[in-house]
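In this document, chain identifiers A, B and C correspond to the written order of the chains, with residue numbering beginning at 1 in each.
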């Protein structure tokens, strides 16, 4: 009885606070990440709204990649990485899940070092649908074509879908990785400096796709190109030396209306 | 309020469910774990089963003094059977010892040549050759001892019988050498190139680099190679059964025939009744062999692991 | 200046001396074996024919062919593979994909090293105690094969583990990141890319198993049988034991007969080994990432 009473009160409490805001896809409270005891990111508090592009900018070693890794529970890959604090995805605490694989299947990630799996190009993209239980060839064909097209790779590989994905060039593997992430049909797509090995024209094409994808999913975009954040992100966080300096509406940050002087200094290229 | 409700519906709030794949993953994990510990189970199983079979002897007829210090192995003597393995130990030790004398210099020399001097195709060819030599079955080696080495020894040394310590020692040496060569070569390869480069930068020549830098650095690995070769010689059965002459005897010279521990089991197990003292005594020799090889392998492993850490 | 260069000349000479010395040692290691192989071929080659391979021994094994022994070896090896390959591959998957770097894993490794190092005759004793007597298989193909399977298990484990290790970690992580379970990752990405390496190890195991004698002597292989095995619970003849028997146990065997048997045995083993090595080299040349 007592418990139920407490639950109801706390629930109505949270409803009260969120009702006024837009729905939160992701809530991060007091997040601290360290490697073998050395902190890489401390005390981050932020939330990502549904259907927004959330940019993260900052110089190297700011903790941006570690942040993405913690969202996908990649700390379980690496015994030296430890994550403290609370992360809620779709309202659920991701450190207290019954099925961690289900979480990862809802989150697509693209890291700067592209990894084309040693499968055919087709199978690289069809793998995730297959894991979801899709077996029909026609359905798979359709997904593969759609994802490769969105990742701006279809035209280059459509005639050799049966060659190995791991033998593509770096830039092609990068786009293959994006196509693979899209093939998951994720709730949340996280891109970490995706344009690093991709030429400017293709980058622009993918950026357009990302703007479209916003209708279907939430996107976190880590980038070292501040202008890319400005072009795409609705809101942006600035990370610096393991600290989240501030989070704000992108345009505000770029027009000097941020709270912290360091943000503007970084954006204007005074350091980093 | 309506906002949170839409979120829970559209964003599949209930994604956190265990599905079939999750359970399959757990089951596979349990299965491979069992397979993973099977090696431990088998090692324990080997010890347990040979001990069970040899246990009666250990309880009743076994006398430490007689077993290890008597040179008379006369288990089939009906009135007073005697179970002394001293002569068998001497047989195994003499053959293994001679084998090591043959194998150590050649295999270390070959390892140095392959690892430090040979290059490109020669090196690849020699490595393949060594690997193939290591694959020749022991019964074939035994047959070679019997049919090729035997007449050769009789002819060269003018002795009546060519099945003796010399024959088995050479055969065993040739058998152990390829294995020792490839392990020793691995040990040399494990020495980082920067050691060689540093020494060469100081003006040392190739052989100085090898003797002053590479060999000391690979010392433990080489010792491990020797130990593993020894373990292999010690445990070898068919070749020593066929090439030693199979006479219970503490050898006075390399031309004396001897009998090895392993060969005794192989030759006599088929003739004994299950559960008889003789049968159990053979299993007791098995326990002894198991413990000795276990210790040799353990030592070799610790030595080799020692260099990895350092 | 002059002194230094004369030192160089001396050093060069010493170096060449050592090179020749070590080369000589290598040659001395290899040459006797080649002579021996040559002798085997010279003395045993003439007897080998279609009839030798495919007819029964006659006249108390002093004449005729080796067919039952050849067939028996194939039986024993096949059953041993059925047992050891799945178990060995699974054990290697555990060690490489699941096990952490801790004392327990080291204990397993130590057990594997010891399994490979225990004398073959001790494995035979174990086979007698466990399979022939305790599990009641009697002296049979099953008992002999299981004994051999345990003995050669380390070969499969070590070679499988090596080929699993050669698959870069990044592939696994990319797969996990898509929500694949560990097993899905292993099945769809890791194993398919390790399978040829595993096959190399299996061929190597076939070669090892073919030549082993001591472990099957008391567990399932017979000196002579007038019939072929019908099931895994029958005894069988085996090529390796047949060589031992015709070389040592049967009086009045013509000289070329055991040489012929030895030649067939060694040819089988070396051909298997060469295939395994060639396969490995082919794989090394083929890039998949």
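Observations
We adopt the following convention: a contact is a pair of C-beta atoms (placed from the backbone, for glycine too) under 8 Å apart; a residue touches a chain by one contact, two chains touch by 3 or more.
These figures come from a predicted structure and were not determined experimentally.
The minimum number of touch steps linking chain A to chain C comes to 1. Here A-B and B-C are compared, and the pair linked by more C-beta contacts is B-C. Seen from the Cα centre of chain A, the chain whose own Cα centre is farthest off is B.
With centres defined as mean CA coordinates, chain C is found 50 Å away from chain A.
With each centre defined as the average position of its C-alpha atoms, the distance from chain A to chain B rounds to 54 Å.
Averaged Cα coordinates give chain B a centre that lies 14 Å from the centre of chain C. Shared contact sites, meaning residues of chain A that touch two or more other chains, fall at 101-103, 106, 131.
Residues of chain C in contact with at least two other chains: 181, 184. In chain B, 21-22, 25 are the positions where the chain touches two or more neighbouring chains simultaneously.
Residues 21-22, 24-25, 28-29, 31-33, 35-40, 42-43, 45-46, 49-50, 52-53, 105-107, 109-110, 112-114, 116-117, 126, 128-129, 131-133, 135-140, 142-144, 146-148, 174, 177-178, 181, 205-208, 210, 228, 231-232, 234-238, 242, 262, 265-266, 269-270, 274, 282-283, 286, 289-290, 293-294, 296-298, 301 of chain B are the ones touching chain C in the complex. Here chain A touches chain C in the complex through residues 72, 74, 77, 79, 101-109, 113, 115-119, 127-128, 130-131, 164, 166-167, 177, 180-181, 184, going by the rule given at the top. Here chain B touches chain A in the complex through residues 1, 3-4, 6-8, 11-13, 15-19, 21-22, 25, going by the rule given at the top. In the complex of the two chains, the chain C residues touching chain B come out as 11-12, 14-15, 18-19, 21-26, 28-30, 32-33, 36, 39-40, 87-88, 90-91, 93-95, 97-99, 107-108, 110-115, 117-126, 128-130, 133-134, 150, 153-154, 157, 181-184, 186, 207-208, 210-214, 217-218, 240-241, 243-244, 247-248, 255, 258-259, 262, 265-266, 269-270, 273-274, 277.
Within the complex formed with chain B, the chain A residues making contact are 15, 18-19, 21-25, 50, 90-92, 97-99, 101-103, 106, 131, 187.
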